[in-house]
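A, B and C are the chain letters, set down in written order, and residue numbers restart from 1 in every chain.
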């Protein structure tokens, strides 16, 4: 099929970007979206132009590196699918496809479609873990965990840190990402000792990074390739109030 | 082709004593750094996969300063994230007779007797601690309703010792290790450097004392000094261009160390995974693995005749139109006992053979069917969905075909590389102070890795082995000043790398990096793939250097050297693959036997099984760089089997 | 062997409670609480106002009853003002944070589809809210501080003179512009509540796989009921009730 691509080009973090138009021919429906861009880039290189930069690694929907806003939708039109697993059979001959980077001030553009998501790492560093030094663990089966709690925890733990929640959120909020991490540990007994500290500090960091607040648009859940539920955002808020009141000694 | 140069034999520095006591004896006798002094040492960790992240966090917890580097924009994205199936541990929670000994035995046997007994035993010993550690970190392993951990049997093992987290075990383990590392980052003990690619190791007075790094964001070349370097940079499967590895997986870090004096061991030992989604066209950029568990219920077949296969390929008939009598369930036919569950290498090779015969399916003729129709009839659609639902979904997402209705198509793909930097028992390479962990080293899997044991090895190395062995090394070293990179070796290295980059940028030829990589991959797949011959390997040895030469004269790298430039990044990696590929071919050519993942057609039993030659090839081939990639020097480390009896595999 | 835990302390007691007002999550608690408070007020207000349909006597009696609560009414009114003020301050603060988080907008805006709850209503909260705010000021000035007994708006019951609010309302809605403005604002009110109602529960951390969809639907129903209920009044007076001469 033949397509018209409108792609955000931005040579460097400082420069101003713009949308550029590229026609592309010979796309087949079996190609993945990123392979389609590979083909475009080969053509650009051959004709002496600078290829479009976009980021990727696993190309199987698990590492969270890829991420493009396609026709205004983060990760494109297919549900529960990261950009790298999106295939061209979702498009029709003659389509015009607009491709933009994740847009959020907390995710500055590095080049073209590549953004810097280190803000997520900094949020995690504030408590997205259970503090246990290597070698200190007791036998794994000494602490039974009900299957249901384990499953709920897992559902939250499947987040791949891609940032589509931020990209799709009208407020560029990182609430879904942050809350998924918090609620993963809320369901586990191991997470209990650091419960309050975790939510207070992670939320604080999330704010410092310059993400927006959550107005409960729920767009994030719809765009999330792992279908992380906004239930987690509610859990985060619950945990937050409890923690704020508790460490404020109003409770207990 | 000239004769292979043979150098001195080398030794693995294996501690004395009975196999089960070696590790404890070792730990009791090593040097230890005084707690107050640990903070004076800086350890440079290259890579933040399971091996790197677990090492970085454990060392920081001990008090060392750690600098961790990775290519991706976040340490959490290392390739380990993609592992699906599970992680082995000799917990014997299922009371089915597992033990450290059995895991040790299975791993040595699975490796077709080309691994070091002592290392493997240590791996089996610490495997249990890994599970404890991970559960304490909150890794959500599968559990049963009683709240205890669940296990499954994996990759043909006779016991259920595999712990798993849905189909995302690697992800969950890595997030655990990443979390532990981020905790140390918050405490100021680990500094994290993302979007960084290591391009050289700095050797001062014979010891690794720093690295040269390219900042992929800004294009700057940076120097970092430290007291030791841990190479945790993963495997080199991408030398085949198409593999199940992540696109940024590379050999560069290991290869540059090799060029500075680290021996490269058993480069030809690669693993091909039988159940991957086939190539769909020339544009294909990577292959997707589907869990091996599919073979528990799926039946593998191709049409009996070439003619039927051709009609199928042209779309004249559909798979369901082919009568039972016209199908060849070749694995069940050839291996009546194991049937569809033969080991990875056997399944892969047989798929290749039927496709070579022209009976392959898919438009390309490079695929076989994995059919669930029987399973659906027998168990019902719901049961099949319960077991494989998410895999079926993934398959449909990628291929657009519904495996409930039409058989899946699968084909083997390069998956794991057993070879890697040679390390001794301490995981130290032949450059003192340079350690290699995880898939980057060669240590534990011999000629073939068993399913679910790479995750185990990466975490064993990082959490439980290197904290001791590195301590022993550092106890004998005076700490360096980590902010001082004034030693001339740093500048020389930076200059060399800049020169290399400039040279590449200046070529401005006609072919893209991708084209070269694809071409190399095809050669590697054809000649150094699942099934190798002396003749094919000689072709590879002749053609790869030519391709390398062409690369340096005709590659076109767009854009600038400063700032983000994916093509330049890739070009540097492909340059190294073009050298490594030749070494792999040479290693395969040198090893006149078949073992594990290395199958030489000349050496097979009458039944078509790999025929080892224990008298002549029971050694680790450790290659030394001589200055010319085509003329490495071979050092042999003899392998001794005092505890495991060598047997010939048979799956009939 | 292990280094001492030197992890930074969690925020202090006062700071954590204050954080309920100055962190993103804390602020949403306030918007949620005040939002629900306002919904409650509006529901009660509508219930009271529906007596307008019954006739001047019952409505004026109702208004009088309220009036005669005396100090209690002042407390309630101050409370109501506080709720309004907090709601406005926090929602504006939140919106400012949101608008500041994405400086360069997307060239193309799309929708990710189900189960998104993004809607016209969810994206216009600040606009519908600001109009509501302006409306309330005008509205209170018009009715509460509008002409009273002294101006002859009086009705006598059991020998006592009540303020004839009914007449004031009825007269006001003879004016086409006022009626139109009210109808318009009441539609906005419905829009605000359509997203606001369920959103407030979510903001307070009340999520339940079974009840949340019910709350979401209830929010839509409530929005329609409130909008229709309120907008029926001006329309009723405009079309159906002739103004009685004073």
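In the analysis below, a residue touches a chain if its C-beta (ideal position, glycine included) is under 8 Å from a C-beta of that chain, and two chains touch if they have at least 3 such contacts.
Worth saying up front: this structure is predicted, and the values here are computed from it rather than measured.
S.K.: Taking each chain's centre as the mean of its CA atoms, which one is farthest from the centre of chain B?
M.R.: Most distant chain from chain B: C.
S.K.: So, comparing each chain's Cα centre against the centre of all protein Cα atoms, which one is closest?
M.R.: Smallest centre-to-centre distance to the global C-alpha mean: chain A.
S.K.: For chain B and chain C, let me know how many angstrom lie between their CA-based centres, rounded off.
M.R.: 61
S.K.: When the C-alpha atoms of chain A and chain C are each averaged to a single point, how far apart are the two points in Å?
M.R.: The answer is 35 Å.
S.K.: Could you state the distance in Å from the CA-based centre of chain A to that of chain B?
M.R.: 27
S.K.: At which residue positions does chain B touch at least two other chains?
M.R.: 61, 186
S.K.: Hunt down the residues of chain C that sit against at least two other chains at once, touch-wise.
M.R.: If we look for residues of chain C contacting two or more partner chains, we find 2, 7.
S.K.: Can you tell me which residues of chain A touch two or more of the remaining chains?
M.R.: 131, 133
S.K.: Give every residue of chain A touching chain C within the complex, in rising order.
M.R.: 6, 8, 19, 69, 71-74, 79, 98, 100, 103-106, 131, 133, 168, 170-173, 175, 196-197, 200-201, 203-204, 206-207, 210-219, 221-223, 230-231, 233-241, 243-245, 247-250
S.K.: Which of the residues in chain A come into contact with chain B in the complex?
M.R.: Those residues of chain A that touch chain B are 11-12, 28-32, 34-36, 38-39, 42, 44-46, 48-51, 53, 55-65, 78, 81, 85, 87, 89, 110-111, 114, 116-118, 120-121, 124-126, 128-141, 143-147, 150, 153-154, 157-158, 160-161, 184-185, 188, 190-191.
S.K.: Okay, in this complex, where on chain B does chain A touch?
M.R.: These residues of chain B touch chain A: 54, 57-58, 61, 72-77, 79, 81-82, 91, 93, 129, 131-138, 140-149, 165-166, 168, 171-172, 175-176, 178-180, 182-183, 185-186, 192, 194, 217, 246-248, 280-281, 283-286, 288-289, 394, 397-400, 463-464, 467, 512, 514-515, 556, 558-559, 563-567.
S.K.: Enumerate the contact residues on chain C facing chain A in the complex.
M.R.: 2, 5, 7, 10-14, 16-17, 19-20, 23-29, 94, 97-118, 122-123, 125, 195, 198-199, 202-207, 209, 212
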